[in-house]
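Next come two complexes, and both contain chain A; in the first it sits with chain B, in the second with chain C.
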Partner chain A sequence: MEPVSFRLCSAPGREATGTDCSPGGSSSISGGVGERSREQLLRQTCEAVVLGALHPRTAITLVLQVLSDAGSLLSCCLNAACMGLLDAGLPLSSLFCGVTCALDAQGAIVLDPTTRQEQEARAVLTFAIDSTERKVLMATTRGSCSVEEMQQCLVAAQRAADTIFQFYRDSARRRYSKS
Partner chain B sequence: MATAFKTVEPLEYYRRFLKENCRPDGRELGEFRATTVNIGSITTADGSALVKLGNTTVICGVKAELAAPAVDSANKGYIVPNVELPSLCSTRFRSGPPGEEAQAASQFIADVIENSQIIAKEDLCIANGKLAWVLYCDIICLDYDGNILDASAFALLAALKNVQLPSVTINEETGLSEVNLKQKNPLVIRKHPVATSFAIFDDTLLVVDPTAEEEDLATGTVTIVTDEEDRLCSVHKPGGSPLTGAKLQDCITRAITRHKEVKKLIDKVIKSIKPN
Partner chain C sequence: MAQGGKMAAGSGKMAAEARVGQVVLPGDVLLLPARPEHDAEQLPLDSGAAPRGRLLCGPGLRRCAAGLLVTKCGLLRHRQPGGGATAGGAYWVDSQQKRYVPVKGDQVIGIVTARAGDVFRLDVGGSEQASLSYLAFEGATKRNRPNVQVGDLIYGQFLVANKDMEPEMVCIDSSGRASGMGVIGEDGFLFKVSLGLIRKLLAPKCEIIQELSQLYPFELVLGMNGRIWVKAKTVQQTLIIVNILEACEYMTSEQRKQALAKLSGN
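What follows is the complex of A and B.
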């Protein structure tokens, strides 16, 4: 039984609308299936790191409001979620960070792509990397790529995770050094 | 005695099996359940397929309708997938608006269609800017026993292979479309994506094709979608226990083997249908 229940609301503010697949526009109740799918990814990633057993019969609500989307939205959400959990002081088994890799037409890896680079890319892969052993917590891909390319992107993402975790460390240090 | 232990300590009960490298239903860790597929059972649909993965039963019906293409992609038709998990398939689902699992599954199927380019949307265009086909793919679960994503993806592929579209011509004088139901053409299926799902136990063990019980006990799931050229169409790991790159590679290798098995099954079924 889940001791902690998560609720994730991701409400797009001024988000660039994605391609509509159904004729006549999409109708949805506060966000379509895309939002629901992203919430599932974020929620299950957070559930994997939060030590829920220490807070039984507790609901943790994580609200992510997109203010502007200039590419790599999902990794930005992951990073925001982790820093939010850190700021809330919740017990976590590890930190996690989100890294997006885009594979362009030549097969070169572009980390943290802009919206333009994402649209023109052959494949866009997003990974959530944990801080203890740089293992993959969450993976989602768009477009198709070969197995070798995926492994290369994963290695690049794991290396990039070091920079992000250093940023977490610096932010936390700055926050607590004021007082 | 065993049933009492199973009720009180389900995870520990399951671990006893995993230690012997097998599962309660007798399968090995890398073994799939018996897969059966039945094509063309819904005569009122343009294409249909029923897939059974052990007890998990999923039916996919494809209906084709005509519509005007979107302004920014005048030469493309539409494919609209929808996965439904009605309350009849399992007690965990209530009737009402689709829950999160159904919506996430719909998004997953839409991603598989988009990533694998199973059908080129340009093939669905009849007249540039004026008329195109819309394929409504409804995937309904009739019995939920885990691994819904694999079954849905397989049902979709089989149903699309079964679709026969009537030929449509646009009358030059009146500008209206004329549908000829007597002359039907099959869809051009460019790629054959096949999904393989794994459940992660205790952060280390991977079992393929989990049942509903195994999914509830698992600490995470991974779904890999590959096509016939051994390219990755999707790596779907929605959170859960962390995995190393090497473990992910093991999953991909098993997925590639599974692809060959499924492709053989589909080819056998398609060949067995007599053209009418």
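What follows is the complex of A and C.
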């Protein structure tokens, strides 16, 4: 039983197709292994926070359309997914956010790298962090780095997550102030 | 990770009473005041310290070890216990949502999609279709069947609605009377709004409905699943009312009064 399914339409300018999706998830037309891997990571993170037990025998579909990609795409997708779930009113046990760190040749950590910084970096790490105890829900790495460097990136990401969660709170306040 | 455990200010655990009326996000824990410790050797003789009765944990909240865990984004509301101090009060989260989840006792507008033998299948906007037996109408017997076709609108209430079973609707109340439920007549216009607007319109002494009724006479059926059915004398009047109701969600009361004044002036 697959309760949460994702479709990620990544080419800017291409419409989000609703018709050509096979039962298992996204179709092969919409892109290769990269998109599929991103979908799996997003799905893993969402399944950890959505209270699926309250909606048995129900599929939750999250559709993300990439309008423009200036780097840190996966963490942008994670943040958008969290705000989408929040807006839809699905019961969640906590919020989550995505933070990308790039390690350049000297070992300096750059948060939210641009596309160019990602290409030139030695390693790019993305973490999904939850809001209650700043625990890691998902971690993915491209490139190679040492264990200490990963720990340092994780600490930096957890600190950066505070800013993102404050942004969520401010957006929610603005929305409910109008009613 | 010691640094990772720090919470940002303004989030995390706080007393429940302090957050009433504020925006809460999923993951926030609301602490309830602890019960006064009963000393085993002393009998609690003072009735002045009112013992906490049952606390009702409403939509958007779940019980957790420390208190109440928020699961939806919205404004935290509290209702004081009505009849004396033993009731305990209720907390819930007022959230804005467009998708409906069936709840027992809610009165909703359903669209008939199929007849399966003795049962009608209704689309109520939830994840499953609801079933409605043909005997669940006022005065219906096996010989005297109600006149319901596919595509009709039905206003009924949920008899059974939980996450494990298919929702069942009825068009009579517990004493067998229709009390306004049943097939909704011909003509009129059905449209969908968010659930928060419906709750606002159903509040007692709703200004929007009072102001609209001074504009034109009309019939209105509000379903808790976000569906509204309107019928006025002419098609144009019906559409005007529909547009006002849809726009009401985002207008302040001054803007609404201005819009209505412009229309009644025409």
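For the reader, a short list of remarks on this structure follows.
Basically, the second predicted complex is superposed on the first by the 151 of 179 C-alpha atoms of A that agree within 3 Å, B and C clash if a C-alpha of one lies under 4 Å from a C-alpha of the other, contacts with A are read in each partner's own complex, and residues count from 1 in each chain.
We take it that contacts are C-beta pairs under 8 Å (C-beta built on N, C-alpha and C of every residue); 3 or more make two chains touch, one makes a residue touch a chain.
No experiment lies behind these values; they were computed from the predicted model shown.
After overlaying the two complexes on the shared chain, residue contacts for A:Tyr168 are found with chain C alone; chain B is out of touch. In the superposition on chain A, A:Met150 makes contact with chain B only, not with chain C. Contact with neither chain B nor chain C is seen for A:Arg122 once the two complexes are overlaid on the shared chain.
Touch criterion met: A:Asp130 reaches chain B and chain C at once. In the three-chain superposition model, chain A touches both chain B and chain C at residues 94, 130, 133, 135, 154-155, 158. Here chain A touches chain B in the complex through residues 20-24, 29, 32-34, 36-37, 39-48, 94, 125, 128, 130, 133, 135-147, 150-151, 154-155, 158, going by the rule given at the top. For chain C in complex with chain A, the touching residues are 1, 3-6, 8, 10-12, 23, 25-27, 29, 60, 62, 69, 71-75, 95-99, 101, 127, 163-164, 196, 249-250. For chain B in complex with chain A, the touching residues are 67-68, 70, 78-80, 97, 100-101, 103-104, 106-108, 110-111, 114-117, 134, 219-220, 222, 227, 230-245, 248-249, 252.
Chain contact summary for the complex, chain A toward chain C: residues 49, 51, 54-58, 86-89, 91-95, 130-135, 154-155, 158-159, 162, 165-166, 168-169, 172-173, 175-176, 178-179.
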